[in-house]
């Protein structure tokens, strides 16, 4: 089915779907009908909201939307009442008379502004960065072309970049994930944004092109999420790279492609892999999944956790988060692992390490977090008990080997987690833009540990956490700079 | 506002609202606008679903509905397309030609049947009771008049009572909580059910009356939830009590009124207080709230729990459940208490015991579970930090002292918890109906411990839990009957 | 063997041994020798410290001793160097010239005083009670005869009673548990104490007799621990009961005997069962065992908890404490239960409920906390894997059915727990002594809940816990007195 | 005082003391006397056992000794009754007539053998390695000179090396840590062991020399713990390095010195740093400290954890373990940190991050795990409340800035943890000995991840853990070898 098996040929998109899947949980309930045929109950409500051919891409993004829905659900519903004219054919101007954007409806700007203001409350780290660096404008002269999800949280990032001196042109990295009212607010504020919810394939590339291909303005920084923008520039405007000081890439897929370019000797500017920074990783995986596994299961199935037998496939950061949360709420948790070190960790944390086939008959919930494929096979499905819940928390949408499984995304990503990512992106841009010549070559770099620590430190005030400072004497004793970095690069946290 | 201050005069209803509130969480976010006025953000989406004058009653029940929505949301939406003729004016017959019911639309029966079947899967205890007792029919001859929420879960209870030999007539204890398709399925199955979603005040009492006041059939058992049915019989048909062998009452309010009747010497039949049975209490409070506090907060606010400072007012069973769950997910939890024993428990469980005023400035979330009034005062609200979340998990809707707070219910009650309650009700009916004369006087009784234990034992198979049996020798050593009861009445569990 | 099977005939002593066992853990390791015979490795060191015929009685008490050993171990070892003259034959006077006592060596008084002072630091509740009530002297005129373990903690209790106006005469309830230096300090301070470590059977009763049978002083209150003193008065000086206002009894055994006397109509004064007060129970069982299971296992076996498979027999308060602690440290815990309600609690708390035989082959540790007999049988022992640890945390010394098991006590009871008990005893004495005539009949009473709450409140300051007070308005709303009691008697905490 | 400030000049020893300290907890109680002078109560019993000039070195090792004491305490005490002739002057032969050793008393061999057998039970990984590799004898031809603590656990390692084909000569890395009976058993079994408890400084180097400097036998592998053996060879017999294929070093200090040699270009053979292998690190720090903090505090102070306020300085692996355990047992835990990333982790794990001075007045326990110096200063000590417990779990013995603090070690290291280390050492020896020429240069290496994984896998059977194997298809999908390594080198576990 198309949901899981998007028609091939468009390699770029397919890769991205896999990646989007990684952050959220997908879920199905095995309902055995009297005749013991296997059926998969789907959540109609969710499904009918997004009855699209490409399916999954939109589903994964329904999340960040529903995340903001608690504040702004009204907006989504007014969309449908909008006229059906393509934004590309509309003539719109903002209140200052500028038409340097293309959004669904500029009139939604006020509502979008309120969304952004709400997001700012949970992204105090970015606001704090804005204030600290506003004077020196470390991005003065930066011309950033960006391609990300366009949500209230991204808007806070973009406006921070502007506050630090940058000029920005922005498109969406996903045809469904744009919050139209936020795009309108950005356009009203003077950002050159080209994005709307429900773009066609052609619209998608048109928007990207409009960001890059413009007279009298040439980007010198790229902020990408998924690699489509980078891909487009490579393909269409390779000469642009002459001015580019660096690429900042957030996604697993995009990073993977950068490493491939690098290996192939084709990477012609420095690139920063912000996906693998310590802080981002811990929040995207361990801390976020510790909460989202409960939220996702509860919203979709109303299952009571207490006393339930659960098997978690994979004991990496995602698996660790799932296991800890479920154990804490009274579930009996089993773990499967291929890696003996992670398996030993599972033992020491109080989980029995088993093969899936040993417990498949008795468990109430199966959760996959392996990044591997065919972890749950047809044979496993056949042996599950009736109403067993199958949930994919993993990187890959192929963890569960069924032709017709309807994976549905069902939990939200707290703004705080998005704040970590956005702050990391901003710092990576600042670092690459300001780095003395020669510090970065034509290669892929991890965020310097000191900046990783800085991202963390910007988020501490929201917990009213008070850091201890080293005395001169102590710093000397430890052989450290008083301002960090505090750990060697190989430190495991 | 009407939500919190229903127009007086109808004492019966008001009491019930308080009670319904007890099981669910109500929530608001304190958003301090630039001018420092306090505003309460409400969840529009939820609210617009139930735009009723009386408000709260429906909201609290929207829960069990949304609980089933994950399976059957379609149904709810078709309601609105229904014609607007009152069910009292419709002429409907089921497929066997009977018209002994009054529901919204008998044609929804098939869909309702599927809902009931799904509920049966999570109520295996009742099904098991059905099977064990089907042969001896312990309720043969019982004529039960019932007044409860009419949901898929209640239907499983009603049909169990029928399977054990009872005849049943049923109305709804709440004008908004009826699942129309379930009522239709019951009617189709031959149960005399009089209920629909959106009854008027007049409809409400008309339905109850139709259950009691019928030629050629006189009830000998009452199953009540809230005391309205009992109240009606007392007021209109006191002679019915001559035949009544007992009343089974589930709710806090209903039980309270029975105790008052008993004190006043007006209780003329035995009554069973199933609300305070050990098993039901633990599940309604500790186990259910341990999960629903997370679910409720997440669904409404998307708050990240890790690192949040939370104060929980009250360390009873509800408070204990909330504290345990939040601590497990990385929140820093403070407790307020008036009772030194509970306060000492909080200390030993690792929570600092403070006065609310000591921490009100620093906390991110305030949760009340006291059953008391004015626990959070205007003064506290004024000192909270911006975007502090205030959540009422308590018994009383007056815990938070504000005139215009919009309390919204936002979590679900797992079917498993409802199964505990329904099984307890069934056993109480069997006990009262079959008790030898003289065992129960005109008083309010708790469920015998042995039956409480039986309720628990019926639910163990769903956890694949294997009970150990005493040997004769051990039973003698302990001075116990091998089949229980296993604990003295004062045992604290 | 004598350790577990003390020679019959002396019913009084045997009962006490059982009871003493209840608070501590007893342990053995199953070591399967090459020929697969079962042997029990004993902890030589512990054992050789107390090489007594009666064995167990001393062992169970070695605990509170070792508890103080960390402060004062020197003292214990100097004992052995003491002369071998019986205290009964020594002529000793304290510094004020009084000889109204009989202890091992009055010269140890100074050292004993230091022990008492250290204990006072952890018993601030008693000190606080001393201060609050010192003015009104609620025990003025009270003549208390006591029979308890004589330790630094008891001394704090005795001196508190004196400070509140009482006169005290004291003997030991166990022939091995007296801390000689503490007895000396009490004697030096003017308390008529008759006790030393290593009394003979004859000495034991002689000491009790010296407390009761004295010219010109007649007891009007009894504080007993085990019932031996009460038994002696009943048998030898029944007329003393004419003046006795009440008996306060702490132990399971003593309370059991009082209930038997009451049933038989032979109880001729009011008696207070302080064993079953809420606060004492929670601390003696749940809170104390949560810590002592880890301590006991670690000290005796150095077992690493992480990843160990453990089965806990019995999920009462003791079992709950053990399970919670072991789970928290990474053990995989199974539970056996006979009571379906407790079994269901175990499920909801995340433990698989099994029969012992299902897991006996695979577990690394077996812990019994049932109070039942023959819970672990020879057959189970035969099937255990090599080096499986068997540990008795239970009430009964017969939980493990082996002829030659060497049970060894190995953990300590924190002074804080003893403080709870001592405060409860003091308040019970005050209540009984000051109760208006007629409040208490010739029956066994539980401590009034208000005093139970008072015990708790006296211990809150040591946690810097701040209790919230009800407003007049709230108290009225809840129908409570502002000063408590705050809960109905049947409340489960 | 000498305990903390060993006379300078012998740099080698001093470094080791610091390192030994790292694994154990050191503790003191702040007792404020009436005059408010600060005194530190020391645990007399522990202290008088080891009344040595150098003090600390022995104390830290008293641990692994006491670890085995539960099985064999008798032996330790008989030592003292031994004759006082130096082993160097004794003429001893084992039962096969060999005199190629120097131990305290060869007659203790039988008892030592039993100790080794008991240790083998908890070191099944080594036994398993012995069996798997016994056929191919991967150490055939290896001539290993070793210098480690000589305990039952080390004996299992040495005999495993022999079983795999190696010849071994062994001395002790610490003058107090040798278990004489174990050394005797090794000598009886034919190992050339030169070590006894209570060596003089001169004895220490004499023993090392006897291992290295022998006619007709030249070592080709070095196994060192602390670097003394390596140091001796560098200084006295540099030509030996011509034949040495590699050095395996376990300790922090020894590894530090190897890196210094390497930096200075003086390292002339490959060296393997086994200290920093993932598996060893996790067990030495996180898992071991999670248990030992409870054990150490309980044994020395009998403190009740429930409700205690504790501040943990440092949130690395050791701090994480301490915090998790204390939180689980009901303590209220605060954290101090200098590193914002670790601070953010502490927040997300539910701990308030504070400066020490903010909480020093209120806490009951202070635990340092920083590796830094002067973390607790005189000023902090002055502000602590009476009877506050101060405990050093850290790497450095200078964390607490007092002149005369008596640090005492008080917990044990489970054999299982030592098994991890020993297995890692064995595999490192096998790897270095068998590596094809050129794989390792004159540098310091971490254990290859695959061997780290192998260490873990050897320990899984003791948890009955079942690893899942990749299918060919999955391995290909993930780009992994089916047998590992399964993670990139930078993976954080």
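Letters A, B, C and D mark the chains as written, and numbering starts fresh at 1 in each.
The definition used in the following text is that contacts are C-beta pairs under 8 Å (C-beta built on N, C-alpha and C of every residue); 3 or more make two chains touch, one makes a residue touch a chain.
The UniProt protein names, listed by chain, are A, B, C, D = Adenosylhomocysteinase like 1.
Source: prediction; values computed, not measured.
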Chain labels contacting chain C (Adenosylhomocysteinase like 1) and also chain D (Adenosylhomocysteinase like 1): A, B
Most distant chain from chain D (Adenosylhomocysteinase like 1) by Cα centroid: B
Superposition of chain A (Adenosylhomocysteinase like 1) upon chain B (Adenosylhomocysteinase like 1): rotation angle, C-alpha, nearest 5 degrees: 180
Selected pair, out of C-D, A-B or B-D, that shares over half of its residue contact pairs with A-C: B-D
Chain A (Adenosylhomocysteinase like 1) and chain B (Adenosylhomocysteinase like 1), separation of their C-alpha mean positions in angstrom: 40
Distance between chain centroids, defined by C-alpha means - chain B (Adenosylhomocysteinase like 1), chain D (Adenosylhomocysteinase like 1) (Å): 58
For chain A (Adenosylhomocysteinase like 1) paired with chain D (Adenosylhomocysteinase like 1), centre-to-centre distance based on mean C-alpha positions, whole Å: 43
Contacts with 2+ other chains: residues of chain A (Adenosylhomocysteinase like 1): 287, 306-307, 309, 329-330, 347-348, 352, 463-465
Touch list for chain B (Adenosylhomocysteinase like 1) against partner chain C (Adenosylhomocysteinase like 1), complex: 278-279, 281-282, 287, 317, 336-348, 352-356, 358, 371-374, 452-454, 456-457, 459-460, 463-471, 473-474, 477-478, 484, 486-487, 489-490, 492-493
Contact footprint of chain B (Adenosylhomocysteinase like 1) on chain A (Adenosylhomocysteinase like 1) as seen in their complex: 41, 43-45, 67, 69-71, 73-74, 121, 287, 290-291, 294-295, 298-307, 309, 325, 328-330, 362, 386-387, 412, 414-417, 463-465
Chain D (Adenosylhomocysteinase like 1) to chain B (Adenosylhomocysteinase like 1) touching residues, read off their complex: 306-307, 309, 327, 329-332, 347-352
